[in-house]
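Attaching a single structure in structure tokens format; questions to follow.
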Amino acid sequence: MSKTVELARHLETLRINNMYKTDFYWTWDKTDDEIDAIFTVADALRDLRERNKSTKIFNSGLGISLFRDNSTRTRFSFASACNLLGLEEQVLDEKKSQIAHGETVRETANMVSFMADVIGIRDDMYIRQGHEYMKTFMGALEDGYRDGILEQRPTLVNLQCDVDHPTQCMSDMLHVIHYFGGVENLKGKKVAMTWAYSPSYGKPLSVPQGVIGLFTRFGMDVCLAHPEGYEVMPEVEEIARQNCEKYGSKFTKTNDMKEAFKDADIVYPKSWAPFKAMEERTALYSKGDQKGIDELEKKLLAQNAEHKDWACTEEMMSLTKDGKALYLHCLPADITGLSCEEGEVDNSVFDRYLVPLYKQASYKPYVIAAMIFLAQVKDPVKALMTLDAADNARKMF
Amino acid sequence: MSKTVELARHLETLRINNMYKTDFYWTWDKTDDEIDAIFTVADALRDLRERNKSTKIFNSGLGISLFRDNSTRTRFSFASACNLLGLEEQVLDEKKSQIAHGETVRETANMVSFMADVIGIRDDMYIRQGHEYMKTFMGALEDGYRDGILEQRPTLVNLQCDVDHPTQCMSDMLHVIHYFGGVENLKGKKVAMTWAYSPSYGKPLSVPQGVIGLFTRFGMDVCLAHPEGYEVMPEVEEIARQNCEKYGSKFTKTNDMKEAFKDADIVYPKSWAPFKAMEERTALYSKGDQKGIDELEKKLLAQNAEHKDWACTEEMMSLTKDGKALYLHCLPADITGLSCEEGEVDNSVFDRYLVPLYKQASYKPYVIAAMIFLAQVKDPVKALMTLDAADNARKMF
Amino acid sequence: MSKTVELARHLETLRINNMYKTDFYWTWDKTDDEIDAIFTVADALRDLRERNKSTKIFNSGLGISLFRDNSTRTRFSFASACNLLGLEEQVLDEKKSQIAHGETVRETANMVSFMADVIGIRDDMYIRQGHEYMKTFMGALEDGYRDGILEQRPTLVNLQCDVDHPTQCMSDMLHVIHYFGGVENLKGKKVAMTWAYSPSYGKPLSVPQGVIGLFTRFGMDVCLAHPEGYEVMPEVEEIARQNCEKYGSKFTKTNDMKEAFKDADIVYPKSWAPFKAMEERTALYSKGDQKGIDELEKKLLAQNAEHKDWACTEEMMSLTKDGKALYLHCLPADITGLSCEEGEVDNSVFDRYLVPLYKQASYKPYVIAAMIFLAQVKDPVKALMTLDAADNARKMF
């Protein structure tokens, strides 16, 4: 029995009927079985590809990507996932980062989607706006499908919003599951999700939020550490707390990086912007107050620079479980002495974890493909079984 | 009998042998049967896709798009059409908008076309130049094919030139045909093709020209309305007049928007540039006279602003047949109070027609695909029959 | 027996086992049989396509292109080759031309390659850096494959580095082979690879270097001509000299264009930058010395302008064998009186050779596809035989 058949049999035990024709916004919208299903299908697609089996489920069709913030690796992951399933990627290049009027979003959404089966959107720049944009976009497509404008209703894959970064955090978690040899081994493992200094302040909060929202579902001991002023959205912290009750996890907060690293099995040190300041910036931006934005940025850079000691140094790593915690990063990292003078992580630490880091990233195309697969395929068990049994090589010779 | 088979049988009755291996520049180059064939194949491809049948006619090959003016919706329509037929879109990004020397066009045309089955070009910026550019480009490919440089002779699809916008106007007309329940119901219907004010003066004339050149072939009463100075190309008006004789249509002109809207069954209010000024601008541009261009633009903006009353208001709409004329627009529209302070159409009017407007746009990928299909497939009836009968799903699971 | 079967039988006689899973950097890395194999497969793929046979060897997969210098024709050739074989092109758009730190290249290389079967790189701007960049990039992928990050090891196709331009020079040579009716007719033919004046100084040296490194393998009499100061890399000249001994070719140098053109069977006049100055420029660039770079450029333009007499005029052409040497150019050429005031070639000369020039270019997609084919297909003879026998049309109707 191939690994794919094994995985398909596991998939059969899960309640996932509601995934068909739905979108992927946040991991906490999804049931445990649905999260499990995504990991399962991601692993199955990878197994099929490793065995040179075709994984195409579309004969033609488009996957539209809309990046309202720069991206290389997520863009390639999305393009890879589309290609893996038989879709052609088309990039929608919105030159301006202005939040468009509702009507215009509605129009654009329909105009690019006549042949689209999937829409991948990144909109992570402004607090309270990224998620809203995606909802507006998909609402327009829902209407378009209902009104007979679109012949199919495309699936959304959230490629990072202001709240969650589900394709990243699901890849992180799938990596963790394989690293520790299975979900059953994660109970009680300590995860340090910590802020770290970077010369470029202002990065989205979606990764720390996504991590505390997802990792607390696996019975882990998740410690969120950051300097004062770098709080994440309270509603996501609330999700993490609710998970603790439901899954017997722990969620703690500290302003001491060392406390977080102490005995940690996993560390995820990365920079993010101060939430309150981001809200302020969003408001200034809405008013078009460029002078206000410039002043705020100056203030934030100064605030940021006070916390240069928040770095994943060798000394910090030595505090972790046996000095050997698994180091995670969504990449690219700001590496001290390599990509910047002072950054998130020591070069020697980063370098030691290079292979696991790249493996962590390698799950993303499969996680995205699994999200599409489960939203687009009515009987995913049968589809996997059929792909496994078919005499259809990816590389024909 | 499926709708596709019905359509294929209708296609069999048409004289369309001359479409094979030809280009699509202007609708008035095509016979009635050829126009009918494009609508028929567009409907058939849409039916096949709705029934989840593969519509691929190519196993590999490229569709090259060359946009010498910005585009989102036509670009996506072209990419969708290519994907629908099995071609991969490749964008030729000419950074400069300068009209290249003949030799350079000849070279570029051949260099990008070694694997190209289709070339889609938009060149609508300069009067007397867009069409010329396409002719030069395709002449080069004709030579290249004859001389053994190219193994196939790609088909041109005019994605908008200075004279016609056939993919747009054919989509508009297919929408009108379905809206009114068939070509046979169009006789005597009044169409108001009217100028409307937009803060961005200078839009191409190809839509009004395309509309008067095409709609007069269907026995309709086409009224072209615009302020003085906004005349369209006289040779296209001549086409419209000839159509009247041949098809028993009417073609009238007025400088009074109300007169055009009065009892109209269809209204198409949109902005376009004053023709004479466009010719002047082309000449200034050829001389590289930037100061002259700037002065002309200032003059034109002032001229433009005198006609702010040319707007598709609720009051204007109430003049139309039962106050319920079908509102058409090629999108994006300048919507008063939404995308601009004063524009082509009232928000309430635009909003009421949103679903039909998006449906109007939804025909474009199929119209483009039909143009390619009929130029590339030797026996289109047999091809449609084969696609209909084949057990080849677009979405496999 | 089809031409493809004939070519496959010839391929069977060649020792090419070592091509599988290798990269293509420089032609002189490859054995004679390997060079022969590329020409053979290129011809076979072209024959298959001409006979409307599918040439797909991949069901899905990506071809990544990374152009660190502008390109239209090579980019389209690469995209065409990928499409021909069933891969989808994805462009990696490195905005900055800065040579990235080793670590960053390592990361980018892996991040874009999860589904990549081919990587095409152009990096020709800086002496001693382009080739290094490719080595670093592919080293990272080698590591990534070994460490289980990548499931397949992509193949490199050098789309032009600072040393060689193999896809260009192989296309040039395949054109020459067909023009003269076979490799056996090339012995003793005189090739004038000469510098020519262009208003834009600073073009890469990879074409003249690639030509002297490849053409000297065919028993030809290769004469390299340039003004003093425009020497090419000494190590490539050494390759050419070694080839002479091995293949009975001749390699001569002169500072007199006429001497080179005299009785030449083939002329290849094109501009390139002075090598020493390029080294100097690379050093200034590394130091970020913009002022130094500007001064150097001014000096180089002056030096360049002293050699306006190095042009492929009618007079020069009349010196060649029967006045009818085959004129080669990698395109685009600087054509006197057409694309510039004074350039590499007279308009009348260029125009007379237009068809052969475009044919020369038409080999590039097939040469690139052959490089990919031989690096990716374990049994290329069987693969060609299977493609030839299959009832699988490229254009289905």
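Should a chain be cited, it is by its letter among A, B and C, assigned in written order, with residues numbered from 1 in that chain.
We take it that a contact is a pair of C-beta atoms (placed from the backbone, for glycine too) under 8 Å apart; a residue touches a chain by one contact, two chains touch by 3 or more.
Computed from a predicted model, the values in this text were never measured in an experiment.
Engineer: Copies chain A, chain B: same or different interface, half of numbers shared as the threshold?
Structural biologist: Mostly different residues.
Engineer: What angle, rounded to the nearest 5°, describes the rotation that places the Cα atoms of chain B on chain C?
Structural biologist: Rounded to 5 degrees, the superposing rotation is 120 degrees.
Engineer: Rounded to a whole Å, what is the gap between the Cα centroids of chain A and chain B?
Structural biologist: Spacing between the chain centres: roughly 41 Å.
Engineer: Would you pick out the residues of chain C that each touch at least 2 other chains?
Structural biologist: In chain C, 56, 86, 88 touch at least two other chains.
Engineer: What residues on chain A touch chain C, complex-wise?
Structural biologist: 46, 49-50, 54-56, 72-73, 76-77, 79-80, 83-84, 86, 88-89, 331-332, 335, 338-339, 351, 354-355, 358-359, 361-362, 364-365, 392-397
Engineer: Taking the complex as given, what residues does chain B use to touch chain C?
Structural biologist: Interface residues on chain B, with respect to chain C: 56-62, 86, 88, 90, 92, 101, 103-104, 106-108, 110-112, 114-115, 117, 144, 147-151, 376-380, 382-383, 386.
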